[in-house]
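Right, I'll just put the structure down here and ask away after.
Per-chain numbering from 1; labels A, B, C and D assigned in written order.
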Amino acid sequence: MNGMLPDAMVAVLIIPVVSAAILALIPNYRVSSRLNVLASLLTLSAALLLFARRPEPGQFLFIDDLNIVFVALNTFVGFTTSLFSATYISHELETGKLTPAYLRFYHAMYQVMMFGMNLALVSNNLGLMWVAVELATLSTVLMVGIYRTHEALEAAWKYFILGSVGIALALFGTILVYMAARPVIGEGLEAMVWTTVIQHAGSFDPALLNVAFIFLLLGYGTKVGLAPLHAWLPDAHAEGPTPISAVLSGLLLNVALYAVLRFKILLSASPQAIAPGPLMIVMGLISLIFAAFMLYRRRDIKRLFAYSSIEHMGIIAFAFGMGGPLANFAGLLHMTMHSLTKSAIFFAVGHVAQVKGTQKIADIRGLTASHPVLGWGLVIGVIAIAGMPPLGIFMSEFLVVSSAFARHPLLALPLVTGLLVAFGALLLRLSGVAFGEPCGSLAPVKASYVPMFAHLAMVFAAGIYLPAPLVTWFQHVARLLG
Amino acid sequence: MIGLQFDLAHLLAGGLVLLSFMMLYQDRLYALLNVFAFHSVVLALSVAWQAYIQDAAHLYVTAAIALLFKGVIIPVALHRMIVRLGIHREIETVVGVGLTMLAGMALVALSMVVMLRVTPGADALAREDLAFALSVILIGLLVMVTRRNAVGQVVGFMSLENGLVLAATGAKGMPLVVEISVAFSVLIAFIVIGIFLFRIRERFDTVDIGALDQFRGERR
Amino acid sequence: MMTDLIVQGSQMAFVLVLAPFLTGLSRKFRARLLSRQGPAVIQPYRDLLRLLRKDVILAHNASWLFRVAPYLIFAATWVASALVPTFATGLLFSWSADLIAIIALLGSARFFLALAGLDIGTSFGGIGSSREMLIASLAEPAMIMIVFSLALIAGSTQLSTMAGFMLSPAIGLRVSLGLALISLIMVAIAENARIPIDNPSTHLELTMVHEAMVLEYSGRHLAMIELAAALKLQLYISLVICLFVPWGIGHADASLISYVIGAAAYVLKLAIAAFLLALFETAIAKMRVFRVPNFLGAALMLSLLGTLFLFVSRSL
Amino acid sequence: MPPIIALDCVAAFLLVAVLAVVLAKSTRASRIVYGATLLISVVAVSAAGVQLAASPWEMTLPLGLPWIGAHLRVDSLSAFFLAVVNLGGAAASLYALGYGQHEDAPGRVLPFFAAFLAGMNLVVMADDAFTFLLAWEFMSLASWALVVSHQDEPANIRAGYIYLVMASFGTLCLLLAFGLLAGTDGGYAFAAIRASHPATYLAAAVLILALIGTGSKAGLMPLHVWLPLAHPAAPSHVSGLMSGVMTKVAIYGFLRIVFDLLGAPDWWWSVIVLVLGGVTAVLGVLYALMQQDLKRLLAYSTVENVGIIFIGLGLALAFRANNMNLAAALALTAALLHVLNHMLFKNLLFFGAGAVLAATGLRDIEQLGGLIQRMPATSFVFLVGSAAISALPPLNGFVSEWLTFQAVLLSPEIPQWGLKLIIPAVGALLALAAALAGSCFVRAFGIVFLGRPRSSAAAEAREVDRFSIAGMAVLALLCLVTGILPGFFIDHLGPVIQSLVGGQMPRQLSVSWLSIVPIAESRSSYNGLLVFVFIAVSTSLAVFGIHRLASRAVRRSAPWDCGFPNASPTTQYTASSFAQPIRRVFGSTVFRARETVYMPSPGDSSAASFKLRVQDLIWDFLYVPIVRSVGFLADRLNYFQFLTIRRYLSLVFLALVSLLLILAIWS
């Protein structure tokens, strides 16, 4: 046990790679789905070991207070999602939407994706982080297109093209950062190692950093799904398998956001450079309000919640952009809560779509009557995502809005407007879906509710009571984010 | 010696920008491809030159990749694809050439303004390279935006990526350059194959992206 | 204490006895003005007694409310009018309800009267109640406004105090007082269903309000309601008297003589008021129901104006 | 230690809610749940009563915002509202013991009922912004679930939707207000807020936000639109709670923020509150007069009463701004007493409406009539409620309005001219509202209970079960007690008033004959007890005397009706015809009432027709445009869902270029 402790960080990466290789070889989908769950569980436990004892930062990998949170969240949601997908995917096979061959590919890719995201999080090297994000993106592209339907392929293609452009922009930003770092730190790998870069950030050339940040913001912002770079997100969510939608919303967006945050820290470390805050605030507000209005005309339930992800990413970007211990804390909390809630919602939506055999909102009615557990679960989820107590997102929105209004009243007004508009839209759709005369099939749900309610329970608990260690941790990170 | 180094590098980088401009006003796909091939060759040269003056051996690999993959294989592949798709004599730009050129000018100017802000502390070579690279990237994006069909856009994307490589190699001692260029080649291969796949599956009667996303998520 | 109780009791008896007399008197004056002989002044007493002795004829679907209402109406009105000083102020229970409360008591009476009108489920009852409530809902605010302006002058809503203040030299001649008086009279006319708002002596269904509500009543119930109506008329008149011409009114702890004087003065004023009322009623014609709002609106405006004047003059 | 009990009660309510989820299926669930809530509320009422005079009790739980924790505090104000809330809750539970049996899907009602009570209790106890808003929103959520509990009717779903959107709008306003109060470093605890005195313009902003936030929950015009939709949609005992109690919790919020947290007021604040209150009172009752749906009528009358309460609050603000503490105390007492009174009779009336609904299945009063014969008990208590809400002595509604009038009469001492001129006008509005309320409830009671049945359902109505009647009777009794012994309640309000305006009315119970004397006996006094006794005595005197000395015989016959009685019940005055004169007077301007009568010419055999159109102008001119503009924007932006990839790329491109431009221009 002690022997492997230092390598927990490596394990987080190795386990997915190995299991991906194995999964690619196993024909039987029952075994592979179980194995998938097992692998995710192992990754999760490895990630948790990181809390126990933190390895020294290396040239390529490291763990600090910031990314350990993300890693833990990432692996946890990865695990629950694998649980969900294990029950979900078999149904896809029965309905013939997928063939065993594709299923094998699916499971392998799932682990590759997890690997990519974990790598992006723990990498201590800007270049490596970039490569990892690209890897995660490409793997998700393949997953999105897995159904091979016209719409799926088209969504995948859109995702692919926009994603590649984003990658390119991000790369240029990374190069610029290197250029800025080189005169101070000297040539070679050292100038790309995060831990060293951040130490000398103060003496970097601000002009270069400015340009770099713009490219990085747009590049990784494309992945975050900030408007107007969001175009890929709704379709990718809507057309891919639901577990992937859950992972996209719950994890990939966070990973990209993590990258943006890193560079925000870097920029705010150098005094003369432009303040990254305002840029993020503006993009956040645009995304929030845009997505809020887009919610009204959605007909596909998964696309609806995809747009709500854009909205929440906007809120988070706003919070981090505002900065300060309170807002950063709120941002972190909101991000965590959003991942949990949104993935829970997608679990529920997945069940709904399988039972009713459609994703069209108009064709789903009276869930609380026809499928009480599922229906009320969805209601709780939407209530939570809409920011109502006693669920976690309420707390973060409380902090964001109140502190924003105290500091920049004029910024808070569009924020509040966006929140209200989005709330109206979500509730409108919810009351259509959850209440009224049931329609469609009344067949019971086969898949397990465990992941969904596990997430909802956590969100609920967080809304009432945040454990002290977590709080101190978040506060520490918030201070770190400046 | 420094002077010569500088001048040659400068020349090659400037050449790249020039070629990007030429791409802007090509309305025939063939011509576009040819210009692009030339673009890649020049890139390969400049990378090689950088490899020589930085005496960084691994950059030669990048140069080779640029030369072979983007200078030869991809253009040829696309060439044949165009023939097979029978779209070789399509004239397809969105806005008029003149306007595009003006936009290109503006972009170059913009990138200059932005980049020359950089304190001369960073060596001049890097600054020049970066300025040129930035303009190549922006023009590449402009090409992508002003082209209707997928091949044109892919070419635009690749020229953009050339700009990236130029920047990467211009950055002295930048690690992972080779890996990155490889990764990008893979990416481009994906794209090309993607187009090709769509063609073969007979899902889309043309690779015009306008048709490709006729569905666009939700019907109105 | 005991004497106080007696005085209070005599006040209640006094108003009760005097109310039909007032009605009879005004009828007599009216007849005279129309150069008719007219019934005797004590005719109302005779009517009441006869009604009391007659059987009650109830509609089949009359509810308990219909049977209880007359007594409640009578009681509320009686209590209200007993609380208005007639021959003396500051009686034992005079402070148990101030002017606002008295108006509200009349309101309760009206509430039950309107309900009684709806109880049988005839169309006439409905007409009556609906129009009555319309009139009330316009007259009450006007009345409250009058109370405001008077209370602001006298610094009290307590009738005894107000009367005392009116007697005191502190009171000069004021615009608001005049306005208040006018609108009070208008309200009184409306509330008592007199011409031009309503005509107490017709059963012409298009015009009637009060009579339409009590159409189904007979016998002792009708007697109660008639008596209540008489009491109400008398209440308003004695209100005008004690607020605007309180001269001669005695005070609680005064001697028996002053009471007698007060009573005499009161009866005299009552007679004059009856004459004026008759004069007024013979002078003008009944107006359409939907002109009533304008009439009462005018009253409301006048009273509000009076109040505002006061506020202004107060702060000058 | 009573306050602990109050806290335990919240916990107990939540426990019951969970329990209700568990045994929602069982048939005896509703009996168990309502019994439990009844028990808990009674305990809570007694605890609150004890706490009313005691010194504030505080406690901090390690919940909610981590670095602040959940502060709970029960001072006299909270205690008073705890009493109101739980009294209403107890009555509702008692009533629901019977009424709840009619529920066809109890699983959708029981858990949220208990949760709703818990939420309201928690709001009143909260002592920091986060806990307050959490409880506030939880309350809205639970009540929303109750509104949509009869989910098969689309109208209910719509009502719930509008309700929750308005609620969260209000919550966001409160959130902004608290954000201002708490300041940048986030001192969310009320204690910290009290300590910090915001700048005047900030305070004004907070006042406006608080007015919007709490007003939207209380039903203040023009934020009332959800109320007449949502309150009737819920099961009747819940409607009673929402109208009678939840609006009061909103009033509590206003009191807590404006009177307690915000510090000394500015005089012009009161102008806003007074005008809004006056307008709300009159418009509310006018709308109530036009309604056909009994429960909606009651909901609108709730709007009216909220207006009356806000008039009292506005007066208190005006006096307090001029340091006239006694006057402020009088006005505030009036307002708080009306809070209690309205809770009593509005619950009673909604329960009555529920009883009618249970007995006939009808809410449309045009279909009802003659119920006094079939349901004597219900009709009696409903009559008491109607008399009380019409402000008739000797019942309780009159006392609070009388006190408000007394407060209005103190206004000439105020120096500001604006107030000098506005307060009398508001007084006139108040009087108008009171008078109109009278005719409104004559109409309601008369059409529903009197006359002849207008439908077979009404003709076959059955008296409701004894639990329901008990629930209503208790409230009716309380209405009477509050009416004849107001001094007792006023004295118990003393500490509350003291804590809010630093002054209180003179002790009333010491006054002889138990009458109430706001300032001085020479100035004004009222004695509900004596008035009651007088009326009772003289009534019985008259009855006794007449039955003894004169005749007592009764003969039954057909109604006379001017000689031509008509057998058909349709010839009775209908509700709309009853309201017609008032509609003529106010309607044409206030709500665009349009009557179209079609009378076929002689010989034409087609049926004559009468159409009446009444529209809510506030809805048309305030809300419809908002909805339209949102829809418009949504449509416009929706194009972004349908662009080609190239266009999306150009978006990215434009974003990049514009940012670079900014960078080029910047510095």
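We take it that a residue touches a chain if its C-beta (ideal position, glycine included) is under 8 Å from a C-beta of that chain, and two chains touch if they have at least 3 such contacts.
Since the model is a prediction, treat every value here as computed from it, not as a measurement.
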Item to complete: Could you name all chains that are in contact with chain A and with chain C at the same time?
Response: D
Practice prompt. Tally the contacting C-beta pairs at the A-B interface and at the B-D interface, and name the larger one.
Written response: A-B
Worksheet item: When the C-alpha atoms of chain A and chain B are each averaged to a single point, how far apart are the two points in Å?
Response: 31
Practice prompt. Please report how many Å separate the Cα centroid of chain B from that of chain D, as a whole number.
Written response: 69
Worksheet item: Using mean CA coordinates as chain centres, what's the chain A-chain D distance in Å?
Response: 44
Fill in: Intercentroid distance (Cα basis), chain D paired with chain C, Å
35
Item to complete: List, in ascending order, every residue of chain A touching at least 2 other chains.
Response: 157-158, 161, 165, 210-211, 234
Worksheet entry | Multi-partner residues of chain B (each touching 2 or more other chains) | 114, 117, 141, 144, 153, 212-213, 216-218
Worksheet entry | Touch list for chain A against partner chain B, complex | 127-128, 130-131, 134, 138, 150-151, 153-155, 157-158, 160-161, 164-165, 167-168, 171-172, 175-176, 178-180, 182-183, 187-189, 191-192, 205, 207-208, 210-211, 234-235, 238, 298-300, 303
Practice prompt. Over in the complex, which chain A residues touch chain D? Could you list them?
Written response: 157-158, 161-162, 165-166, 169, 210-211, 214-215, 217-218, 222, 228-229, 231-232, 234, 274, 279, 290, 293-294, 296-297, 324, 326, 366, 368-369, 383, 386, 388-390, 394-395, 398-399, 401-407, 412, 416, 419-421, 423-424, 427-428, 431-432, 435-437, 463-466, 468, 471, 475
Item to complete: Spell out the part of chain D that touches chain A in their complex, as residue ranges.
Response: 62-67, 129-130, 133-134, 137-138, 141, 148, 151-152, 154, 157, 160-161, 164-165, 168-169, 172, 175-176, 178-180, 182-186, 188, 630-631, 633-635, 637-638, 640-641, 643, 645, 648-649, 651-652, 654-656, 659-660, 663, 666-667
Worksheet item: Any idea which chain C residues touch chain D in the complex?
Response: 52-61, 63-65, 71-72, 74-76, 78-79, 82, 93, 95-98, 100-101, 104-105, 107-108, 110-111, 114-115, 118-127, 129-131, 133-134, 136-141, 143-145, 148, 151-152, 155-158, 161, 203, 205, 215-216, 219-220, 223-224, 289-290, 293, 300, 304, 307-308, 310-312, 314-315
Discussion item. With touch defined as at the start, can you tell me which chain D residues reach chain B in the complex?
Written reply: 641-646, 649-650, 652-653, 656-657, 660-661, 663-664
